[in-house]
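In the part that follows, the structures are each spelled out as structure tokens.
Two complexes come next, and they have one chain in common, subunit A, joined by subunit B in the first and subunit C in the second.
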Partner chain A sequence: MTGGTVLRLEDVDRDEALLETIAALHGDTRADFLRKAVLGSAGMLALLGAPPSASAAMSATDLDILNFGLRFERLQASFYTEAESMGVVGKMAPRKQEWARTLGAHERAHVRIVKEILGDRAGPRPFFDFHGVTESEDSFTRTAVAMEDLTVALLTGITPRMRDRALVAALFGLLTTEARHAAWARSIVRTTPAANAFDEPRSLDGVHALLGRTRFIVSAPRVRRRRRAPRMTG
Partner chain B sequence: MTRSQLAACAIAATAAGFAVGSPQPPSGAHTRPAPVLPTALPAPVRPAFTPGPALPIARGRFVTRWAPVRRAVAARRRPNTRAAPVARVPTMTPDDTVNIVLVRDSRSDRAGHIWVRVSIATIPNGRTGWVPRSALGGYGTVDTRLVVDLDRLTATLFKRGQRTFRARIGVGRRGSPTPRGRFFVRDRLTRFADRFYGPVAFGTNARSPGLTDWPGGGYIGIHGTDRPRLIPGHISHGCIRMRNVDILALGRRMPVGTPITIR
Partner chain C sequence: MRRTSDEARLAPAAGSGRDRETGRTRAQAMRAAIAGGVLVGAGALAGGWMGAEPTAGRASRTQDVQILNFLLVLEELQIAFYAAALRGGALSGDLLRFARTVSPQEREHAGLLRKLLGDDARPAPRFGVEQSASHAATFQADAIDLEETIAAAYIGQGASLTRGAMRDAARIVAVEARQAAWIRDIAGADPAPRAADPARSADDISSDLRRRGFIR
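Up next is the complex of A and B:
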């Protein structure tokens, strides 16, 4: 698949683990979930500040691309951190604990450095809703596999689009690390670590659409209000 | 080829490799190593950044988790749809903000559905109940905690266990006392026209036991005042009042979801 073509979730979620897990947690059938997800993906694109078309994505600056990378790294870091802090990771077998803790620590380090590089031009942290997949070992593990594959797909697609060669070199470092993560995750669930002979580059739009279908990035709840008199006792 | 011949070949090849990579012989030597790489290759690209060491998770004992209520639901005594309901949990607060709950625990039932034990806004204060995970949105976290001391008339904010703010306060007078217990900040209101509440007001899930017929249900807030000379003192209908300069400072430091201990 080439850049600009809209991906299907199945392209990356090879075992459909992500889809099934989230649909089950919502109490939806897979078809219902997909229908809702498609409806929700437009709002998701707006939330991500996504370009509306593939051509716009191609003209995006290094800053825009790196900011998208930051959002994605934050998604991953939050995913592993939430599972670990909820105690799910601590109940897993030792080899799985090592895997989950290592990947979480790597993703948090990625967030730290990309934020540092972007400085005050780093976008705000999105609000995440993992729909409970971080709260059981099975759903966490299956989702992690799909998420790591998606990360490799994303980095394979965006790295060649960077104009600054030093940034390209840095993203290659992240890409190879994420590829090892994906292979490690696949070995954890005893799936073929290297599924393909070649990883197709993915478009930014395609990854946006995939993320939209997960509904992991949501609007922050409206817990602040202006210009409305309080109704508390005083 | 025998195993010993193979080993000899390997050793010879390794030695040749080292020779190629070794420094040039002293001047006057007859042999020069052949160039391994063409000289026209560009210089290596230095990465713009490297992530540095991995970041283990921060210690979680200061972290509190909260979640917005996505659909109205009954909180139950146990994580089971057949368990008795404790209270109805709405999606919105009386101040028209999204209702949030504090997350205390979570577990899966036999069918694999996840249930979450949450703190809710009820009379009597301080109750918890179990709600389906699917009724809640994503988790937010805070690392702050507010301690209100009704005897010393102080409010103290801690961040990761370190004190970051303290102010004198006004609290409920006799007949409308500020309730003691464990609560949390539900919302933050600003730019309203009522000077009685000062410039910032935080809504909480604490309720006044004696003022349940108050508009909105008698919820306790933390807010500023238009009568700062009354602070500190037992002056309010149950809310926690601060001087405006203090509530503004607290407003910059205390996020929604912060747990509150009133003692």
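Up next is the complex of A and C:
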């Protein structure tokens, strides 16, 4: 990495997925949004000579770590999206709905951002089975709290391991967003949002093992078993 | 012009526009980077649109000392701010619980930074926090500002640290972001207003805190 050049999340938001999310979530006026977008495109025009994606020059370590990060972000995005589509979020109190919808929108934006960074080296989308935890408010909420704290531990661990300092800078801005999610989730369940002075990292292997135990990531798509028709008797 | 130790401490390599090691201007460094095939983001060239870029220059102990001293000032400012608020007795309920919880956390952060700095840690400047900490409403508004500021400072500087210091910066900034979300939640503001948090330059933060009288 050449000193002085830093890639940040905003910088890779080339299809403006992130800007759209921000604008949609936080009521930026259309004009304001466009003004910012124009500035962004002007910057991009100056860079036509640059490679289209950071992935070409990415080290194997960074590639592996980022692809793991992508799986994890996809897991989170699917989790919130599924709870919304099941109608569980819609039945929550207004403040809690805002929390669940914001986190879902952010995780979906993170997926697009990490995919953009990885370019054609992004791994395939895995299949998820949440084993019913997205189907009730209580289990959804408890899983969300655990998942957000786990994400913070994962990002605290992987951010300083990225070789490319541009990616380190980008991940710092993602780490703080996930820490906000975790604090907000803890506030929702009335526990202390910042319980310790330091957030301790978890290794990639540790997170991988934990995820394995949830069986949320499966090798084949989830097929809803049809309820067996009652056996005819007589 | 000779800088006082406080000024030097509040102005690490970031934002000077000149790479201290090579003497190149930032624009030259960026052009070189583009020529070298490194992807430079739109935000960096759009200049200030999304915030400033982190410190230029190769990670080194010298640069760590500058950055960690800058972050130490911000942690010390928070310590002074929460101590004044807890002394003043204007807080109650959620705000009191918040101040009582985060105050010792900031002391632990400063302790770790001092340990990393060793003999290179510089003494704290003078802070102006009494007025803001003496009313619940101003405390709440300024606590949000300070927590947001320090999170943005770590985001801006973290990638420029050597690996060991970077690991500790990650452990700290996650907690600063949690604190920011917590106090925003208490205030009824959106705890996570963006899908990704922007960085702020050290120069921007330093001049802002001086202008507002937090650092004298």
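A few notes on this one:
Convention: the second predicted complex is superposed on the first by the 160 of 234 C-alpha atoms of A that agree within 3 Å, B and C clash if a C-alpha of one lies under 4 Å from a C-alpha of the other, contacts with A are read in each partner's own complex, and residues count from 1 in each chain.
Basically, a residue touches a chain if its C-beta (ideal position, glycine included) is under 8 Å from a C-beta of that chain, and two chains touch if they have at least 3 such contacts.
Values in this document were obtained by computation on a predicted structure and should not be read as measured data.
In the superposition on chain A, A:201 contacts subunit C only, with no contact to subunit B. Look at A:175: by the touch rule set out above, it reaches subunit C but stays clear of subunit B. In the superposition on chain A, A:165 contacts both subunit B and subunit C. Legend: residue contacts after superposition of the two complexes on their common chain; A:116 is shown touching subunit B, with no touch to subunit C.
Contact with neither subunit B nor subunit C is seen for A:63 once the two complexes are overlaid on the shared chain.
Once the two complexes are laid over each other on the shared chain, residue contacts for A:183 go to subunit C alone; subunit B is not touched.
Counting residues of subunit A touched by each partner, subunit B versus subunit C, the larger count belongs to C. Of the two partner chains, subunit B is the only one touched by A:128; subunit C is not.
Once the two complexes are laid over each other on the shared chain, residue contacts for A:156 go to subunit C alone; subunit B is not touched. Residues 25-26, 102, 105-106, 109-110, 113, 165-166, 168-170, 172-174 of subunit A are contacted both by subunit B in one complex and by subunit C in the other. Residue ranges of subunit C in contact with subunit A, taken from their complex: 19, 21-22, 24, 26, 29-30, 32-34, 36-46, 49-51, 53-54, 56-59, 101-102, 104-105, 108-109, 112, 151, 154-155, 158-160, 163, 166-167, 169-182, 185, 190-199.
Those residues of subunit B that touch subunit A in the shared complex are 45-57, 60, 63, 65, 68, 94-98, 100, 106, 108, 112, 114, 133-134, 137-141, 176, 186-194, 196-197, 201, 203, 208, 211, 214-216, 218-221, 223, 236-239, 256-257. Note for the complex: subunit A touches subunit C at residues 1-12, 14, 18, 21-22, 25-26, 36, 39-44, 46-47, 49-51, 53-54, 57, 98, 102-103, 105-106, 109-110, 113, 152, 155-156, 159-160, 165-166, 168-170, 172-184, 187, 192-194, 196-201. By the touch rule above, subunit A contacts subunit B in their complex via residues 24-27, 81-82, 84-86, 101-102, 104-106, 108-110, 112-114, 116-117, 127-132, 135-136, 164-170, 172-174, 218, 221-234.
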